[in-house]
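Two complexes are shown next, each including chain A; its partner changes from chain B in the first to chain C in the second.
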Partner chain A sequence: MALPPKQVGTFIPSEISFLAENSLVTIIPRQAMESIELIGGTIPSMRPMRRIEVPIWVAVLLKKQSRCNIVPPDWLSEENLKVTYDAEAANMTRFSANLPWEWVEVGELILGSAPDDLSSPPHVIRNLLRDIREVRQAKARAGLKNLNDSYLQLDNVGAMELNEIRSFVTMAMNQLRIMQGTREGPEQQDVDVEPDDQDDDDDDDDLPRESYDDSMRTAKGYQDSYGTARNSSRLGSEFAGTEDERASINSHSFTKSTLNRSRSALPQAPSYSDDNDDGEDEDNDMEMDETYLNAVNGN
Partner chain B sequence: MADERDLEIDDLINNLDKEYYSAHPTANSSYLATHKSRDLKSLVRLWISERTCPDILPYAHDLLDTMLDRVREQVEVIEVNTTSGDAGGSAKLKLLFVETEIERVKFLVRGYLRARILKIDKYYMHILNNLDMQTRLSQSELRYTKRRGNQLKRYYDLRFLSSLPPSLQRLDDTAGGLQMVDAPGLDEVVFVRVLQDVPGEVDLGNDDKIELRKGNIYVLPYKVIRRYVDNGDVQLV
Partner chain C sequence: MGYLEHGRNTSTDIKEGARIELPLWMAEILAIGGISDELPTGFITVSTPAPFSNKVLNALSADPVNVDLRGQSMHFYKFAERWLAMTGDDALLDTVMNTFKARAAVVNDHAHNTRSALMTDRSEFLGTLDDTEIKLFKAAQEASKDLKKWTSMKK
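== the complex of A and B ==
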């Protein structure tokens, strides 16, 4: 039995959470217990009040039975979360390095299973986590504007956050690569580009290529736009190009006709469907945000 | 006076600790420090890689065998402990951990195999035409692929191919520059995390170069990052 479709090419949130449960957390046992041999290691013998490290799933089970207290990791304290939030808010172009790879999942697991072990009231921590998450999601979405066919850098992104943008980024980048005609081998497919767009910038100087006929000129327009975007593709450095170039990305790269002709169009990317001029960019971004959020929250 | 008593108590505790840990040499070893946890980590990585990689990765015979052996051992532990009638509170708790972990490991193994079957189903024709691909499959996967290929071929022949002109009956036609056989798209992008610094720059083709520094997270075409994935400098995430 192969994988169900919704798990193809991505993970579902519960799977990401499952992975985070393997990471270690410190607990303070309340009772003595012999050590237990497991497949993936040994749970050390426990004596009351002697701190040990165990996988989170073990800690959660013990906590459920009131046999231990979980020591929340340092970054999960109110104080540190406030610092982190300020750092996140201060730099809207970068993710701060204050949080561990699995921060979303671990935060939720500990809040869910051991709210009484936190040093501050759970709702304070929960709100701070939510604020940080929202700030970071805003950055991730802003960074999506820099998508190009070459690469994307996402330093300090969390496992859950990465997984949330995975489908979209993968599809979009693969699609851009098809458009660039860089795909090789049997999967190569010509993408017809309608010669309906005349306002591509003619700034070809830095791209030594042979002359193109009309339809290829538009294709070269992509090259220019993405070439520019590519230079600033580090997520969180300056956003792509000038307003003009952005407009040209929006207006011709994702026209319906192009998408329909090429393989595996972007069915879940409603914001990038129709032709749109500058004025509509904002609306479309909003629409995209909503869909994105829904997808993210699993609604 | 009070100081003296405190000292005495501290000494007593220290001595107790020493005795305890010499009697239980593994008692203080952290959960991390064992080869077992390394194996489990490898299994987790294997699952993630297989799920995120567009290509079919070599089947991990040794690891899978080891893990499945251990699952069997743990099942035996459960059987012995439940039949011996020694079902006190702590024994039950112990079994709870053992059982939970067995399920977790089985989930990973199942997920791994299912991710592979998905790709095998998709690329079976390519696998059957390609010896290198075949060496990456396990015996049973290869058997499955061959049977699936034969059955599909027979079925298509029976249903409609036999009524087409002979020139249109092939399933692996390459006429017109179009391949009918789907192969894994090595050009597809993957998410990677850099585990250790890689000296120099990586050429991405189209004039782009990037540096791989520990902790970087990139989205890149699989083919440019593949050899760093293979040698363990970066991991798929």
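== the complex of A and C ==
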């Protein structure tokens, strides 16, 4: 593969930022413009002072040409960031849900391209963002102490933050999984009877039974907690033997599978503050992941 | 077969009951390979390798971070994998996994904090990492470096 090894398993920050540019932001155009049909979606027609939602990359482009003002998303206001910061600082075991998935990238993009459109001085916002990031980094760091071989739960973590720990976590968990696979305890045998087990017929016979069971347990756990995303969990358990890093369900909760998300999956205009909608996109990602993961990890 | 022993005379054979050090792959083959009806024990009996001796394991369960894993074995975890696959010693597995978890967290701290990693007491720790941990360290450090580069580029 022509990619440098480290980029095979993870994204680089500029790629994450690029992906985030597809999320929507509200702008106030200053000029009229016809709507544009693009493969990735339609840019609505613009009339001066009429608010519309466009992908960030369009907004940044128009802003550069002084053809629009960007309306910063609600969470990027000084008050909301302060609230978020307090919430983050108050609870050291959870990430607060006030921030969207691409908050780091979108924050940087808007601060970089439209500092004059913010409601507060840019340096205030920037400092708040940095404070929040540091608090959250500390939490992620604390969370890594609890690594295990089957899953890691990081609700509400952002794309960039996830990317930062992705390579470390996947490597560490993989190593733990391999070691766990050598275990020969009878207690590992108890989970392998699953009532609705149809897709058990696949190619993981050559793998240690134990690790397979473990991952079944993981996949099953996710089914239980996210009934709506049943399909993607099934997908996960089908490949569980080869990859127990499986089963990402919605964009705000992760197991190793999300950590391993493939480079090829480009979200289709993920909507902004709406957490639940992303479920379907994630399913697409998963499907692309299968081939990719098998290629990478099929030793 | 005397040449199997390092630095010994190559002409004489190894006597029964002698203790020698063999590569793991060879020990594995010899230990299982010769088993048959008339020879139920195989050619050799494998004793616990030094990195997994009780002394080391006690030290590891007492304080994983301060043990020189590299001094025990360059490939401590990979070695452990193979050894555990052979022996299936769950107590050892628990110790090794706990060691890995505890050390991985520290490795991560160091990787995200490069400047202090150069300070003497820290670089001391980094010198004790085994191969797997070094890979982990590099991965985490790369990620942190890339992110810093991206952040500073934006400003």
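Everything that follows uses one rule, which is that the second predicted complex is superposed on the first by the 179 of 299 C-alpha atoms of A that agree within 3 Å, B and C clash if a C-alpha of one lies under 4 Å from a C-alpha of the other, contacts with A are read in each partner's own complex, and residues count from 1 in each chain.
Quick note on the criterion: a residue touches a chain if its C-beta (ideal position, glycine included) is under 8 Å from a C-beta of that chain, and two chains touch if they have at least 3 such contacts.
From a predicted model like this one, the values you see are computed outputs, not experimental measurements.
Undergrad: Put the two structures on top of each other at chain A: do chain B and chain C fit, or clash?
TA: After superposition on chain A, chain B vs chain C: fit, no clash.
Undergrad: So, does A:151 touch the first partner chain B, the second partner chain C, both, or neither?
TA: first
Undergrad: With the two structures laid over each other on chain A, which partner does A:135 touch: chain B (first), chain C (second), both, or neither?
TA: In the superposed model, A:135 contacts neither chain B nor chain C.
Undergrad: Under the stated touch criterion, name the partner, chain B or chain C, that contacts more residues in chain A.
TA: Tallying touched residues of chain A, the top partner is B.
Undergrad: Look at A:125 in the shared chain and tell me whether it touches chain B only, chain C only, both, or neither; answer first, second, both or neither.
TA: After superposition on chain A, A:125 lies in contact with neither partner.
Undergrad: Between chain B (first) and chain C (second), which, if any, makes contact with A:18: first, second, both or neither?
TA: Once the two structures are laid over each other on A, A:18 reaches chain B alone.
Undergrad: Quick check on the superposed pair: does A:53 touch chain B, chain C, both, or neither? Answer first, second, both or neither.
TA: A:53 sits against chain B, while chain C stays out of touch.
Undergrad: Per the contact definition in the header, classify A:39: touching chain B only (first), chain C only (second), both, or neither.
TA: first
Undergrad: Pick one for A:61: touches chain B only (first), chain C only (second), both, or neither.
TA: A:61: touches chain B, not chain C.
Undergrad: Now for A:6: first (chain B), second (chain C), both, or neither, which partner does it touch?
TA: Touch partner of A:6: chain C, not chain B.
Undergrad: Please work out whether A:162 is in contact with chain B alone, chain C alone, both, or neither, and reply first, second, both or neither.
TA: Only chain B is touched by A:162; chain C is not.
Undergrad: Of all C-alpha distances between chain B and chain C after superposition, which is the least, in Å?
TA: 9
Undergrad: Identify the residues of chain A that lie in both the chain B contact region and the chain C contact region.
TA: In chain A, residues 149, 166, 180, 182-185 are touched by chain B and also by chain C.
Undergrad: Which residues, counting only chain A, touch chain B once they are in their complex?
TA: 1-3, 7-9, 11, 15, 18-19, 22, 24, 33-45, 52-55, 57-58, 61, 65, 67, 149-157, 159, 162, 166, 169-170, 173-174, 177, 180, 182-187, 230
Undergrad: In the complex formed with chain A, which residues of chain C make contact?
TA: The contact residues of chain C facing chain A are 77, 80-81, 84-85, 88, 90, 93, 96-97, 100-102, 104-105, 108-109, 111-112, 132, 135-136, 139-140, 142-144, 146-147, 149-151, 154-155.
Undergrad: With touch defined as at the start, can you tell me which chain B residues reach chain A in the complex?
TA: Within the complex, chain B contacts chain A at residues 24, 26-32, 34, 36-37, 39-41, 44, 48, 51-52, 67, 70-71, 74, 77, 90, 93-94, 96-98, 100-102, 104-105, 107, 111, 114-115, 117-118, 121, 178-179, 181-183, 185, 187-189, 191, 204-206, 208, 210, 215-221, 237.
Undergrad: Chain C touches which residues of chain A in the complex?
TA: Touching chain C: residues 6, 10, 12-14, 17, 108, 111-112, 141, 144-145, 147-149, 160, 163-168, 171-172, 175-176, 178-180, 182-185 of chain A.
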